[in-house]
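Below, chain A partners chain B and then partners chain C, in two separate complexes.
Right after this comes the complex of A and B.
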């Protein structure tokens, strides 16, 4: 066969393939979505799923509250060759790991996601939020401190500086910190005099890690270590701790919905992202349905709607001006967003690359330090 | 199965055979006893025993199969991960072959030949998206490899692109996927592939067959194209006639053309012209030195011999690395070494798990014994009420019980409030009773108590009260009667309860996670962390295997010291 003959055959092939592709994809009429449960999943149901099902009455959506162990479960499903989930809500660091392991599907933002109302492409509208080729961002949340306003010592100002966490003299009392090195090590170094933009360089060295642990050592006896997001709000409500770190949405509901004497200390809040991933290896009809849903659920209006139910910032730039009032309380949500300029005076962005590399090592050190 | 002679049975038993032999009084000429049917008794006995064994096996077969398939097999599969290391030789087959010859003490990164092999491995792995997974695996052994692999996977295409550009500048035909299909593929295969592709694409596509000419003249290129076609046509169901080959195929083509003196020879017609032109041109091509490109352009860490030493150490299909990590050691190129002091955690956790499980077991014995004694000696009516109180916690969710202890024990909790109210402790010095070992021991003792009381009770209820009365009537004091007569008879119950509680405690996970704080957590919390958070399943499997081994050894030791026959779960 000569080249020209081959080329002819190719053209025929291309045509055949083209027509096959042009046909409308069959879409599955059921979907399993995995999320975190609680108020967060509720906000997704209200803002995304209910309007979607109004448009597509034939579709049924099953919710699975397994995001916490999504990475391990997806890996097990992949090994068993039976993916039962269609769309999974995970934090960005998990999305990166799923992408690394080939368990999450890579996508093209401009192909999958809707563009902004003003015509800005999805890729530009989401911008830096797309931290991985597999990650479809939804919200930005932050890990920050809340404190009991009635336990502030007399004569002292309300704490407004991250280093008051390490200041036991002015602010005695217990602190709640997460039982993992991430965030804590950064805060410790920051309050030990390391410049903010050098923190990760320092933390990459043995000495830097020891320095951070030594700083944490100064408050170790006064720390309650938490592992579930609900722990700190509970500890604050019980008066078990004076201040504690947790996700800003949890503190919002503690302060505004449950009316507890707690206030936010936004200083040195650490941004993190949460979003969707689509598992690899979905059959065509299910994939087509998921793509359709994701396009709808991540458009500008839908992301802005979610903020009515929970105080997490929408991941699209174009959604920010549309954020309105809380659906039940009727208060303006914008001042409660972590991205609100007044709250965002001093912020960190979770360093995904650094923690992907150092997580295991520093965690072993951290746990050994904790256990001593 | 127990000895069959104890039970009346329908089938023949050795007993029957013996009786029949006696009745017939039949002995053959060699003096052997004969059964009723004339076969030697020995054989008849053996046969009937065998039949019984088979029947017994058949009876338990469904359960045995069920347990094997759903319980033993998954556990064995999981535990096998503790030594499995296939990912390295599978992802880097060419590198692994050569790396054994490199001397890790040389203080230098390997030579150009190894870098070339590594380039091909990495370029393929990056296309298949396997490189990040391998990076994660090696990052367990050396921090920083994960990002090194991820970064290199992004940049490695650049090497191939150097050749892609030059070939395409030479002749635009090299841009055409169809050119490659025609050059590489066997004519018959090409026809059957297109037939498959244009059809319904049912089943796997016909496996790629290289043409004889290509195999002879361009072996490396054929190898790369084969991998490309397997992935593109097989896994992704994309068209080979539309997708350009991976850049690494162009690198291979360049290397083939420079290595072969007359690559054109086996080809005919247009292909010969195309290959011939390329062959003439490659001498003037800009070349890439893999070694310096990796070190200077991609990441200087590729010049770090430690990275290569890690790959060399973990290049085999099996590894002891996970087990070593599980006992605070590590495998280094120079042999086994201890982890740095500040990273040793598993030894501590194993010791703590043992210590706390034993403490909890003893607490359960101390608290459970009187309760079981009361249950066994009280009149039926009150004993029943007490029994319900013992069983009640069983019907309550584990999480609820654990959370209740949190409310009880915390500093602003019920117990502290009462103590402050009574004036026993000052408001400023409330007791710390939770998020430490004390909290874990209290909560777990409470949760595991029924497992101690029930076996004790069932043993005690079979001890005849007359024994103690007899001892007393013979002049024993209350204490002597209890200690010398009653207690020894209740020991099997303590044994059974202790084994149950200890083995349950050693693998406990939820309660220590909630109330354990930092000093009250178990090894199982760490296993859970590696399964669900760090995804280091190999290490989790190694820790699990060790835990299982420890339990089996303790069980064996218990059997030797106390005797497993002395354990009774019921009367």
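Right after this comes the complex of A and C.
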């Protein structure tokens, strides 16, 4: 009798506490999430949004494919005092800028993010990936080269060295490079005999920048410059270029899903991070909903699930062992990850500090050089 | 063309015919030659071949066997093309064969002067035809991008590429998958629904306000007509991006940014100038004594407007409305600013789709939109003719 009474009382208390808690955390029932569109957004929808909506059937999520101009749009929204976005997917360098300008919200990893299944704190699990106080990491991707296997000249080996990009004699044909200095300058110096650990010291000097541009000059006539991630896959599929740089997930889709005669050249791939930021100035109910979603969407299992749909590496250490097979193709995803040891023989990490300091200057120089 | 013969034909001297026909052949030879790796060789071979054809056609066989010679040309080039690169080349070859056969006689028998006055100088004749060729070239230049898009939208691949299967007219190379994708994808359907919800309402607003403004502004006694007109037409003149940014900040302040109403109002503002311009133009031919006559017979101004004025200016109103509709339906800049993801329209979806993933679904949608635009513009043209007929301006 007493036991059941106690039980009843505890249940009632728990219920009351539960209700009180729920009222405390009044959550909005719709969210606008900004992402990149295409296969990447699709992977987020499948891995994060669909399971989340299964748990919370009354929530509706609107996707806005505006990550490309997220910085400008967030500035305009801030100016107009009308924040319509709840959660924004950006690359790490944009997150750092938005954080500096106060447009992205700073957060406490251990408070917002779920801990790993083995109890490791979120902060340790994400580790170095948290490159800014506002940046909630999701994936590591890399910018690397793909080449047409059917256009490799007879008698030549398949290109496996980054310097084959600059070797027009062995590998004639057009190359697609991104229309910005980042990555291209590093590759140029590396292939001009600069030691890998000295690249940024050299690139910080005028002479070093000129040296990199001079190296790029040797192939300038054979370069097709791209600005959207979809350009290089299209150019490769067309046979317009022999090789080209783009995001590794795009190449994976081109090779495995579209069956094009293209192969990866992982040498000197440049890692970069992509993740969420929460805009500052959200009303409480919307903020509560976003926090709830982010906690769910960045837990160990969800990040591992995303790799079923796209070949980007999960940002959590604890997710790596859970990466399985592609959802449709049934192939193992681990060998296609940029972080796979076989692919990661020679890698760069996007140098956020260097490019934050030098981006404007080198950009101006690069654009002037392009126009020559 | 050949109905009225003004100038008698005659056989032109060999020194004129052969070089001209050879030059025409060389022009096409350049393309074939370049595609095969040597433009110069292409020019030479085609030039010599065409000169030989012209010689045989004009000076050996003559006009008696013209039909046979021209068919022989078609067959010769079709066969050559087929041996060279299969069925597509055979079709191109047949077309070229038909052209060169016709061209050889046209030049060699001086037929190009047939419809022209006999006293024209060679320079005038040359200009007569260069002008036509120039106009044709401009037309081709304008229309080619659209013509390229259409076959590509039936591509079986996921890229903007003419695959070898497509070029050899293999049915395997074609598919309706991008059209299927458009009709099955919830994103595209959502965008289509938004466009169909926004454009008609924006058009209705633009037509109502634009017509009223045009009628008011056509009254001679309205003070500051020119200024009001200039302000109303300004959305058409001010760069769109400026209007869009202005609307963004203004609508944000008053809570219209990111709402359906906001997008409709913005598109209506863009459509109003088109309606004003077309209706004002129609009103120029409107006889004001008709309204006075109606008033004389006891009709109030509203009845006069709907029973007398409206039916007469209706063609102008409708064509203005169609322009307003197309403006809203094709608009991407303003909606990017004023709309939010919930108001994503077709052009917006195409814009992001083109930037993030170059998917031929965009081409399928573009083809459908071109179809719709052609229908709408045909309607405008039919209405225009009807209006001209009604006002007795055209005999048709």
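The criterion applied here is as follows: the second predicted complex is superposed on the first by the 349 of 372 C-alpha atoms of A that agree within 3 Å, B and C clash if a C-alpha of one lies under 4 Å from a C-alpha of the other, contacts with A are read in each partner's own complex, and residues count from 1 in each chain.
Heads up, the rule we're going with is that a contact is a pair of C-beta atoms (placed from the backbone, for glycine too) under 8 Å apart; a residue touches a chain by one contact, two chains touch by 3 or more.
Given the structure is predicted, the values throughout are model-derived calculations rather than measurements.
In the superposition on chain A, contact of A:258 is made with chain C only, not with chain B. Contacts of A:63 after superposition: chain C is touched, whereas chain B is not reached. Looking at the shared chain after the overlay, A:71 reaches chain B, while chain C stays out of its contact range. Residue contacts after overlaying the shared chain place A:230 against chain C, while chain B stays out of touching range.
Touch criterion not met for A:205: it reaches neither chain B nor chain C.
Of the two partner chains placed around the shared chain by superposition, chain C is the only one that A:81 touches, whereas chain B remains out of contact.
For chain A, the partner with contacts to more residues, out of chain B and chain C, is B. Of the two partner chains placed around the shared chain by superposition, neither chain B nor chain C is touched by A:346.
By the document's definition of touching, neither partner reaches A:160: not chain B, not chain C.
Once chain A of one complex is fitted onto chain A of the other, the partner contacts of A:149 are absent, as it touches neither chain B nor chain C. Of the residues of chain A, those at positions 68, 238 touch chain B in one of the two structures and chain C in the other. Considering their complex, residues 1-3, 6-7, 9-10, 12-14, 16-17, 68-69, 71-72, 75, 97, 99-102, 174, 179, 210, 224-225, 227, 238-240, 353, 356-361, 363-365, 367-371 of chain A touch chain B. Looking at the complex, you find that chain C touches chain A at residues 157-161, 248-249, 252-253, 257-258, 340-342, 344, 352-353, 355-358. Touching chain A in their complex are the following residues of chain B: 129-130, 132-133, 135-136, 139-140, 143-147, 150, 173, 176-179, 181-182, 187, 190, 194, 197-198, 239, 241-242, 269-271, 274, 339, 342-345, 348-349, 352, 410-413, 435, 513, 517-519, 521, 526, 531-537.
Residues of chain A that touch chain C in their complex: 32, 34, 36-39, 62-66, 68, 76-77, 79-82, 84, 228-231, 233-234, 237-238, 258.
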